[in-house]
Amino acid sequence: MKLTIPAFVGRIAFSALAALIGAIFALPLLWFLFAPFNARAELGLALPDPWTLNNFVTVFGNSYAVQALWNSFIQAVGGVILVGAAATLAAYALSRSSIPGKGAVTYILLLFSSVVSGSAAMVPIFLIVSAAGLMDTHLAVILTFAGGLLPTAMFILRDFIDSIPKSYEESAMVAGASPVQAFFDVALPVIRPGIVVIVVWSFVNIWGSFLIPFILLRSDSNMPASVAIYSFYSEAGTPIVTLLAAYSLIYSLPVIALYLFVSWKFGFRFFGGIKA
Amino acid sequence: MASVEFKNVTKSFGEFRAVSDVSFDIGDGEFVCLLGPSGCGKTTSLRMMAGLETPTAGQIFIGGDEVTHLHPKDRNIAMVFQDYALYPHMNLADNIAYPLKVRGEPVAQRHGRAKEVADVLKIGHLMDRLPSQISGGQQQRTSLARALVYPAKVYLFDEPLSNLDAKLRLEARGFLNHLQRDMGMTAVYVTHDQAEAMALATRIAVMDQGHIVQFASPIEIYRRPSTTFVANFVGNPPMNLVEVEGAQIDGKLALKAEGLTIDGLAMTDAIGKALATSGKLTLGVRPEHLGIAEVGAINTITAPLFANENMGPESLVTVDRGDSARVTARIFTDDHLDLSKVVTLSFSHEHVHLFDSAGMRIPALGE
Amino acid sequence: MTTEPIEAKPKKVRNFALLSNRAGAAFLTPAGLLVSVFVIVPFFWVIFVSFTNRTLLGRTALNPEFVGLANYLSLFDPATFFQRGQFGFSLILTTQFVLASALLGQALLGLLLAWLIQTVPPWVKRITETFVIAAWILPEVVIGFAWFAFLDRDSGTLNMLLEGFGLPPGDFLLDQPFWVIVVFNTWRGAAFSMMLFNSAFSSIPPSYFQAADVAGASSWQKFRDIGLPLIRGHIVTDLILITMWTFNTFTPFLLTNGGPSYRTELVSIYNYRVAFQDFQFGKGAAVGVIMMLINLAFALIYLSIGRKKKVR
């Protein structure tokens, strides 16, 4: 197809504008591409001189930093298992059983989950956790996130299961399978992509969260990496930039990897619903 | 193999009565088609046989045992679904062998049996493929294989050919017919395609709005449709229905309608009874029983030509009687028909069907 | 056929469903418990606590007293309402923040980006998308730290660039903290609007635009006459969602701590300070109740629109 000259100019202008916006978005992040590999990194943008991986070695030698990553992992995995299992069962029931009032349940859940945000409910969450004697434990963070993420996870998954024909389970039952066999042999494998999506979504949410662990945890040995990074740069006076840059990059890697995994597996658009 | 019986079965979804007080008996080894337009209750009836819906009232028997409230898995039936319901995470071997797996058969045996069935259906070479890696026709045969892999009392088919293109559908239809002759299975087959029902069934149950309108052999339904609905549903193109004024004149039945000339028909008691209610009758003639005649001939319908479609071995000639009341004739000729602007179509008395003002068939002499 | 009872060996079902009601209830139990304890109970508990003078430490930590509306009255005390560091100031600041960074910043930028990347070459699209989405998916502390470095007075990337262009550098975190968090939040959240609008645009059949091309429409006319009207529903959804998220966001705390001198203290940050730095749980709970009421209003609008869509 041949373009007219104004259309051609217009297209170049569009591309230039898109590229410019992309560059502006990139600016605050550029520093992260270089500083972790710079032996003398400072807050300014500079090409590493010399290039080094020593910063990463330092991070892995710092027991507090490693412990914090491990804590993040425990909390995220614990939360993901709870959310994944509970949401799968609940969404399946909401989609496939004819329990009376399930529409109302879904509506109320959605309403509450959007009303009770972490920053509005921090006081009662703190009080409940301390009343339960769970203050300063991984379990407190895991349970709080599981409760908070479940309504959305259930909703995403219920929609997914609704879109799967019931004839899968029906044909299994006609063929002689019990409801339990039909669930494990047929339904569960078929809805697995949906489960993967909510698992990734929950993991990214818990891994990256700051406020809830900040409030519910006290001791250094329980802090996740998010709180650790915050205290590194906010409280330590002059932050040790080299360590912090490398550490932040390591901490971001799982999120980046999961994002790439999801966009490779489900296509780019699926990620639109993945963060709330 | 076993019989199937419905006793006064009703199924309501809220206010809507999908199946309304239906009773029928399907004998051992019969191939019965439930035929009707969408929403007529045919699929709901089938799903009640399978146990996937529970009747609101009435009883269902399979092989003489009541199964009305039995779980599907306890009915020992097999079913082919419209969308095939092939499990996307299992290869063909596992899909076909799944009913044997839940029956606790060891792997080697069930895969052996699956292969046998698959070979018969010409998909034996695809056993390690996933359902997404085979063609639509092969998927259809896989779902058929999964139903045939174990001896069921009754085989249920829910529009199994509707997702195939026209050519594959003919092929699959022929194969099903062959299979039925071979196995003599008891089968209930849901379809909205009258040609499929005619080709496959030993008996057809024509359904409309939750009721069985006629339950008879294909020939019977073709020759003696019990209502205008059946007459209009079976046959392609459907039977021509012409609204006429009937009256008894000189001991004969005289029919009057625009463009219609007809000799007096013999009166019967049944016709007399119909006329007593209303003189408005419906005259039915199948397109294949109409011919082209000279203007002025008797036993004809004359009207302006609307369309003249040459299909190769036959031509469809349609005349328009006004108000979109059209009459189509199926003329068996591979010549091009040269027609004038007004066409006269003729028929003989033996091919006339009469329906009363409620649309019910008025039995002809000797029926 | 048979009037005598059949032997009741197989189980009978009263009404067939893929999952019986009893199993369904069992399936719902774990999720129901978790959500009840951590979402529904907090909602009611926070209302209760807001009528008490509960604190973290001291006498009233264990035996809080009922104080009626005292917490609400102190929040809405007309003498101090608009002062810096008081509730009214926070509320107005948050409103401005939502208007500027969500409704104007994120939504408009998202819309522009979504339209641009429909037409640009794939490689430009991919690079732009990558950075916009990176800003959105990276953990909030990392983003906070990145901006902390980016805005550094002496060696930050921004001042380096400004000097390179011959412009005067500045200590933006000190001088313009409000505009810093507005730009920050726009930058952080534009990806969501971009992706939502992008998928809305791509759900429009290409033939609509081709028909306009044939009729000789310009890119702007296509956007105004075809694109915009067809994604109106998505725009409403987007505006409500980003309003709610921006209203509740705590992320700017990681960049400014609410300072300097309360100039970026959004209600979420105000709530945190009152409850966890001043340890006045009763008053913090009252702030939480007001936030939830505002959330409730938005959620009801959102859900009623969603329901209408489903009915249609």
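Letters A, B and C mark the chains in the order given here, with residues in each chain numbered from 1 onward.
Keep in mind that, in the parts below, contacts are C-beta pairs under 8 Å (C-beta built on N, C-alpha and C of every residue); 3 or more make two chains touch, one makes a residue touch a chain.
These numbers were taken from a predicted model, which means no experiment stands behind them.
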| item | value |
| --- | --- |
| Chain-level touch network, classified as line, ring, star, complete or other | complete |
| Chain pair, B-C or A-B, that carries the greater number of C-beta contacts | A-B |
| Cα-centroid distance, chain A relative to chain C, in whole angstrom | 15 |
| Averaged-CA centre spacing for the pair chain B and chain A, given as whole angstrom | 55 |
| Shared-contact residues (touching 2 or more other chains) in chain C | 15 |
| Chain A, residues touching no fewer than two other chains | 170, 173 |
| Set of chain B residues in contact with two or more other chains | 51-52, 71-72 |
| Residue ranges of chain A touching chain B (in the complex, touch as defined) | 165, 167-168, 170-178, 181, 185-186, 189-190, 192 |
| Partner chain A, residues of chain C touching it in the complex | 15, 17-21, 23-25, 27-28, 30-32, 34-35, 37-43, 45-46, 49, 54, 109, 112-113, 116-117, 119-121, 124-125, 127-150, 152, 154-158, 160-161, 187, 190, 192, 195-196, 198-199, 202, 219, 244-245, 248-251, 254, 257, 267-268, 271-272, 275-276, 281, 284-285, 288, 291-292, 295-296, 298-300, 302-303 |
| Complex interface listing, chain A residues touching chain C | 10-11, 14-15, 17-19, 21-23, 25-32, 35, 42-45, 82, 85-87, 89-90, 92-94, 96-100, 102, 105, 107, 109-128, 143-144, 146-148, 150-151, 154, 166, 169-170, 173, 179, 182-183, 204, 207-211, 215, 226-227, 229-230, 233-234, 241, 244, 248, 251-252, 255-256, 259, 268-269, 271-272, 275-276 |
| In the complex, chain B residues that touch chain C | 5, 7, 51-54, 61, 64-66, 69-72, 74 |
| Residues of chain C that touch chain B when the two form their complex | 1-2, 6, 10-16 |
